[in-house]
Every structure is written in structure tokens, then in C-alpha cells.
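The following blocks contain the structures, represented as C-alpha cells.
Each of the next two complexes has chain A plus one more chain, namely chain B in the first and chain C in the second.
Right after this comes the complex of A and B.
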């Protein structure tokens, strides 16, 4: 991370070129969104550290209210950095059951603690089978991150 | 329409303030649905105010806007509230999201680079500075914002042929008159018009984007789907709900309130005003240092001018320590100033 040491995730992690990736959750590689179990039928959703770093300084965020519907592949919120408003895309379908008011008040939490205090929403899953399409294997996660970091370094998006 | 390697170019000419926003937003939906990458131009027929997707309506002085017949519209892309008028040529480049880097920072830099090329082509030595602003010398010469509309990325900007600095400051809600004066002064210094020939600039920009995207520029028009989207967007952009902004928007607060009021003039240049316990501070900050400070603190017993002099030149982070040397009123102002830098968007 360019902004200082990255807090370690609470559970097992794999370190990929300076990024600690929690292995107790799944990843949507196209959008840098993670999904973690949060109880029976519930998941917690957040953004991984590379997604945050390549966005620039996170300025503002808009998130859905409790009870809002989620659709896999569709935006559930918007994130603004460097005057660029872009979607936060849900990897799963379901219903929002909780919203992280702390991250709504301070989007910088996503940069500082992406796997902990920087979580975005919790949702009740409509179709648990959607989780099967996400990355969960340590080797797969490592290979994806290695490749993505290499892409970003090559284009100058990040320095490593 | 299949993408055939062309850069569609649409010059909307002079249009109403509302259409100067909704036309290019409609193009965003069109490109998302398969229309080719598109460069658009438009010029508003009258002045108005436009604020970024996430920004707080309270940042705008609505009494001033009403008194001067300035409508207010919220756009789907980022950035702050801005004053726009017919002496600005708007341009927008819209491409499929898959054609740009997934890094927003990288995508934005890539889509702004042709703008710099176009300015250079018309004799203006523009550059993209480290704060992400297109500048001539130290002055910003092109406003910009960016966003993703469905599966299309759009970056918008303007050629500022003349700029009304006083109006640009007056549309912003700044209850503290000292901050208002400081903001207007900084705008005159750090926001500049570049009176290039708009036709030559548009031609240069078209060529620069065609080269950057590897596409053949061709004049085009809106598709039937885009025309339908314009009608829908006209309705959306004039609805109170849309103008109010997303329901659960938050972020580092910039609007007037207990946390103080921050106004960004350009990257690295901002003003801040706050009050606490009967004491008040208004300050101009350039590259992280206080350049001008106005204090009102009756309890300082005549020490306010000395405190102002002590603060000038200090980094914002060091101002709190200097203020605390002026007793309880200074400590109160230090508390008001604390964290200001991170809250200015």
C-alpha cells in the first residue's frame, strides 16, 4: 500500500507482492470485491486493497439502504475518487441487511482496513450457488493478484 | 450499431443548460449499449450551476442562484459544484469501460492526455499536473469530471474562453465573508481562461482522441435509443429527488456545518472556514501551507493579528500547535482547524 502498512486480516492470509489477502473469503476478480461469510445465509461484502489503491484517494461513497435488493453483476453503490464516479458491483444477488455507517462517513476506511473496518454492506443471499463463481482457492487468488499487479505496474497505475 | 473502428463526433452546438448535460449523458447509455466511442461538443445557451454526483446541495448558495436565474443540475460524474456559461465550450469523450484501464486513476489520466495535446496544438502550453489538473503555469484552465454510465466511461471537460471568477465564487455557499473573499481571490489567481479559437480547439481535440484511441473520426448523430434517453434524462435531471442526490451519500464533509466549510479552488489550493466558541478562522491553503489567515477572536484580547502572522506560512498540520499558544480561544480554533485538509473535496 502506498499509504502505509496494511492492517493484517484477522484470519489466514496470503501475501502477494506486499498485499495481504485474507483467505477466509471469496473474491470477484473483475471488480476487486470480496465476499465473506457472515452467518447462515448472510455475507459481508467489501473491496480488496488493490481495488482501493488503483482508485486513487477515495472521496465519497453512496450505499444502498437496508432492505434494498442486490443483483449479481449490477451496481449496489457508487464510489468517487479523483473526480471519477464508478459503480460498486455486487457479486451476488440478495437483500441488504446491514450497511457500514462508519465507511459511509469515512471512505478512507476502505484504504486503511479493507478486510476489517472498511467493509461495505451485509446481505442475505438469494442464490448461494452464485458464490461458486468466485475465487476461493489460495493458489487461484495468488495467481490472479500476481497477474493483476503485473498489469497495473506495466501501465504505471501502481509502482511495485 | 456495431462498432466499426470509428470515433463518432457529435457537435450539439448551442443548447439549453439542461440539454448541455442530458445530451452527453444519453451518449453514455448509447455507448454502453454498443454505439462507438464518441466525442461530443456543446455550449450552453445560458449560465447555470452544476454539481457532481455525490456533492451536497448545501454547498450551493441557492438564494444567489435564484436571484440570478441560475438553474442547478446534478450530473452523474464526479467533481464539485461549478458555475458554467456560454463562454465555455464543453466536450465529453465516451468509450466502452472495457477499453480503458480498470484503474480509475489510470483511465482518467489516459483520457485527459489528448486534452493536453489539443491545448498544445492551439498554442497553449498546457500540462497535466501532479494534482490531476490541466494547467497553464499554476492556473487550472480546464475543469473535468469522470464517471461510469452503465458500461461506458465518460470524461467531460471544457475550454474556458472567458471566466467570471466572481460569479464562480458567489454560487458557493460560504457564510463567512472572509472565506468568500479569499476564495474569489484564489479563483482569480488559480483558474484561468484560455481564449483559443474554439473551432481550432475542437478540431485538435478530435484529432488527438482519434490518434489516442486508434480510430477514424466521423461526424455522427444520436441513435433512436439515445434520443429516447435524452427525454428520460430531461425528466430525471429536473426532478427534486435527483437533484437532492443519492440517499445514503457520505464522505469527508465539505458543506457548511459544525465541521467547517472547505472549498477547493483547484488541486492543492483551497480555503477553509470554521468557528468555535465565538472565535472564527478563515484561511487560504496552497500546497499544504497557510497563505492567508483571518481570525476573529474577541477573547484573544488583541492578539488575533499576531496569531494571523504566526500562522502564515505554516503547514496546515502545524497550525494547531501555533494556535494553542494563544490560550483557550486559540485552542478552540485549533480544534476547528484540525483535520480540515482531509475534508476538502
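Right after this comes the complex of A and C.
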């Protein structure tokens, strides 16, 4: 899963019931959006493999421009999968400082390298305390991820 | 059906109407979403069960109009076109197809595919009343005995509202569909109707009784009521919703910019031959970027092995990479049914895919394919 260029070290990636999971970052559990440190006051934001898998094959992605404002819990872009069109929801508030043009051109990058080259945006945080509301602890993240995979297989959200 | 959905027993609004125009039908669905935006008072879902004027052609959110619809044939037959806000492929709609729109606040804890699977259960329950066993099973469409009987799609807007769309085939004028959608012409012309019938079915065909959208409506309404434990309370759109729909019909769904909106990905088509013990077969693919839009395997089979349409359905809307294709080939069992090694069948699929991509360089705007059936290559087969 983790082939291709990785602008930043992807850190420890473990395999949970067939799905990759990076343990060096935080997660917004409802949306499967990850947040990784990217320097003082800066974060990199992306989508984990379950987020992609439970949306359906990704067909197109629209991202904001550099300088756009982000609000926690509010949309920052749009994702179009084959049967689904919907918002990408920001886990934090702040300002967009970089956008990954490569995923806009090739949304399959999110599926191939979700924790590396498939990142979405980088943002400057308005309120670093917002990070405390995300899943942070490796054991907690792993337990959450495993439980969600079980749910998704049971409900048919993951085709098996 | 409780998780994430409103409690059983409380009334949902049921809206019914017939003869919607292409732009007007889609505009009302979107207009109904405004009442479910974040910050609006909590309210129960609206279920709209309706039909379009015979016929309209509706393409999916990110499809390229001219690639999916024969615009000359639409003009000649007076068939209006529009673009849905939901994903999926090109379809025809008319009095024989029941349009289903379920509008609600997006359940915050459910993923898109969970929402689609949950709401498909309303259709499954309705069709079960007719003795039909429809299944979703994580695929893109609702199927009975491996044949598509309904197409599904989901749109969550930026304000937190949800629109679930389904088109249930009460019946289908296959010849008309083949005429207006970019579907097969040349090589399969004489076999096209039969080939569609092997892959798509209707409530009429399955029950042996004539059904249309309006007669199917109470069946599907009862299915949603049963699946969600909901009472359906017949109602009408409010004046504000009608006004918003009228504006959206003009500003969006009938506007050239919305219709002409192009995806960044290009459409292509390709084919490859495969020798089998029961004769030569050929696989045709239509593609959108690196996604399979449609796949069809044709050959001199006395009877189409069930595993073949299963393979086609597993390829559809998936990516053309080795692992995904190999997974589809092995899971379907189509390689066994055709009597060839799995690697050989997967190789033929990838070869057809490479051809589709290579052709893009030569003719970037040429493409075909619909929700039901792809057009075969003109230079092969």
C-alpha cells in the first residue's frame, strides 16, 4: 500500500484486518480524516483507507485554494465516488497553506498511498487545542479502527 | 433499522408526483434538501416517489454528456437531458421507471456506503412483497438473480443534507434506451436487445405482470415503511420548496454550464479477444479515467454463464489495476465458467483497458457507454 513518493516519513504503518493504519497521527473517527504534524503550528490532512473504502471507488476530488479558511466540522472540499458525491469535512480550524495537486489529478493516489503521497491539504492551525478532540493514542486508534472494520463488513459498507 | 435513522412510528412526509421534466424533477429533489441543512429544526425524512415524463435521459454527476447520450437522437425523439447531483451512470427515465428520492439530514455516524445499503433495504423490502429477492451486497446496484433492477446513488450537500436516489425498473423500453444512450450500435446491433436483457431485468419481466412507475409506487412506499418502521404521511412540497425548485431548474438543471460540466478524467473504450474451449470471446470495456464504466463479454455461448455478468458487475466502477481486476476475476468465477486460467482472463481485461487508455491520446473526446451496456469498439470485434 505504501509505495510511491512520500514527501514526509509515513511513520509506523500497521496492518489491521487487511487495512493499513498509520499510528503517528491523529484521527477524526466519524469522517476517517487523519491529521499529522507538519511543523510548528502546521498539520497535514488526509483520508484513511476505511474512509476511501466506505465511500466507493474515488472518481474525482475538489480541494480548496491556498489561503482558504477551514472550520472544524465544516466542509473543505468535495469528494466524488462512483455512486456518492459529498463533502470532505475538516477536523480542524485554520488556513490552507498547501494543496496536493497530485491527488486532484489522480484521486486513486488516496487509495494507493493514503498516508503518504495521497495527502490532501496542509493547514496552519487556528486553535491547536482542537487536536485534543481527535483520537491520538496508538492503542485507542487501533481499537477504533478494528471495531469499525467489523461494523463495515457486517453492514456491507466494505464489500467482501 | 434504528442506528442513525429516525425513530420508528413517527410520520415521514410522502410526496408523489408524475410526469416530471428532466430539470424539474431533479430540481425539486435538491430543493427539498434545504429544510434538512445544519441549523434547521430537526425533522423527519421526506420520501418522494415519482416518475418522469416519458422519456428523459439523466447522466451521473461527473459524466461527460456527449459521451453518454446521443444528442442527435435525443433531439430527434424530443428527449430532454439533465445531470443528476448523484453519481452513477446514464439512465433513461419515464413512466415505466419509479424515481425514488429520500431526503433527510445526513446521519453523522454513517459512512456513504452504509447509508446506501440501509436505504436500499427499503427497496428490497418493497420488492420482497412481490416475491422478488433483490440484493445489494456491496455492489453498486440492486440485483435480482444477478441482473440489475434498480440503480442507486447518494449526494450529501455541503450544508449537511442528504439525497438518496434510486431508479427502479418497473419496465424498460430497451430499444429506445439503445437509441438515445451511447450504447451499442455497429457490431452488436442485432444482439444488443438480447444482451441487455441478459444483464438488466424489470419488475414486469420478473413477475410476468405489467408494472409501471405509478403502480409500483405503493409497493415501494410499503417497503420503506416496513424497513424503517415509519408511517408515511402524504404531503406536498411547501411554497418555498416549489419556488426554490423553480429557480434551481433554470439556474442549474437546465443550464448549459451544468450540462456541459466536464470531468477532468477522459472517457475511452477498448476490447480484447480471449480464446476459450467454447469458442472465441471478446471483452469490451468503456472507461472513465482509470475506472471501468462498463464491461461486457460476448461470445458464441449457448447460454451466458451466470459468472460472466457477475464479473462485469464486479469490474464496473472499479479501477483498472492488476489487483482489482484479478480480485474481480477470481471472486466471480468467470474464468472457470469460460474454461480459461484466471490470469489469462484478467490479462484480457487489462489489455482492453490499455487499449482504451491508448486511444485517448489519439481521440480524447470519443467515448461511449451507459449504465446498462457499453458500445463495442468499431475497429475490433
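Definition applied: the second predicted complex is superposed on the first by the 147 of 160 C-alpha atoms of A that agree within 3 Å, B and C clash if a C-alpha of one lies under 4 Å from a C-alpha of the other, contacts with A are read in each partner's own complex, and residues count from 1 in each chain.
Criterion: a residue touches a chain if its C-beta (ideal position, glycine included) is under 8 Å from a C-beta of that chain, and two chains touch if they have at least 3 such contacts.
Quantities reported herein were computed from a predicted structural model and do not represent experimental measurements.
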item: Clash or fit, chain B versus chain C on superposed chain A; value: clash
item: Partner chain in contact with A:55 - chain B first, chain C second, else both or neither; value: both
item: Which superposed partner A:90 touches (first chain B, second chain C, both, neither); value: neither
item: Touched partner set for A:111, first chain B, second chain C, both or neither; value: second
item: Chain B versus chain C as contact partner of A:63, first or second or both or neither; value: first
item: Partner chain(s) touched by A:82 [first = chain B, second = chain C, both, neither]; value: both
item: First (chain B), second (chain C), both or neither touched by A:99; value: first
item: Segment of chain B intruding into chain C (one of 62-70, 296-304 or 314-322); value: 314-322
item: Overlapping contact positions on chain A, where the chain C interface meets the chain B interface; value: 30, 54-56, 59-60, 78, 80-87, 104-105, 108, 152, 155-158
item: Residue numbers on chain C that touch chain A, as the complex places them; value: 61-62, 85-88, 106, 108-109, 111-114, 116-118, 136-140, 152-158, 263-265, 288-291, 317-319, 321
item: Contact set on chain A toward chain B in their complex; value: 30, 54-56, 59-65, 78, 80-87, 99, 104-108, 152, 155-158
item: Chain A partner contacts - residues on chain B that touch it in the complex; value: 52-55, 76-79, 101-108, 132, 144-148, 246-252, 342, 345
item: Complex interface listing, chain A residues touching chain C; value: 30, 32, 50-51, 54-57, 59-60, 75, 78, 80-87, 104-105, 108, 111, 152, 155-160
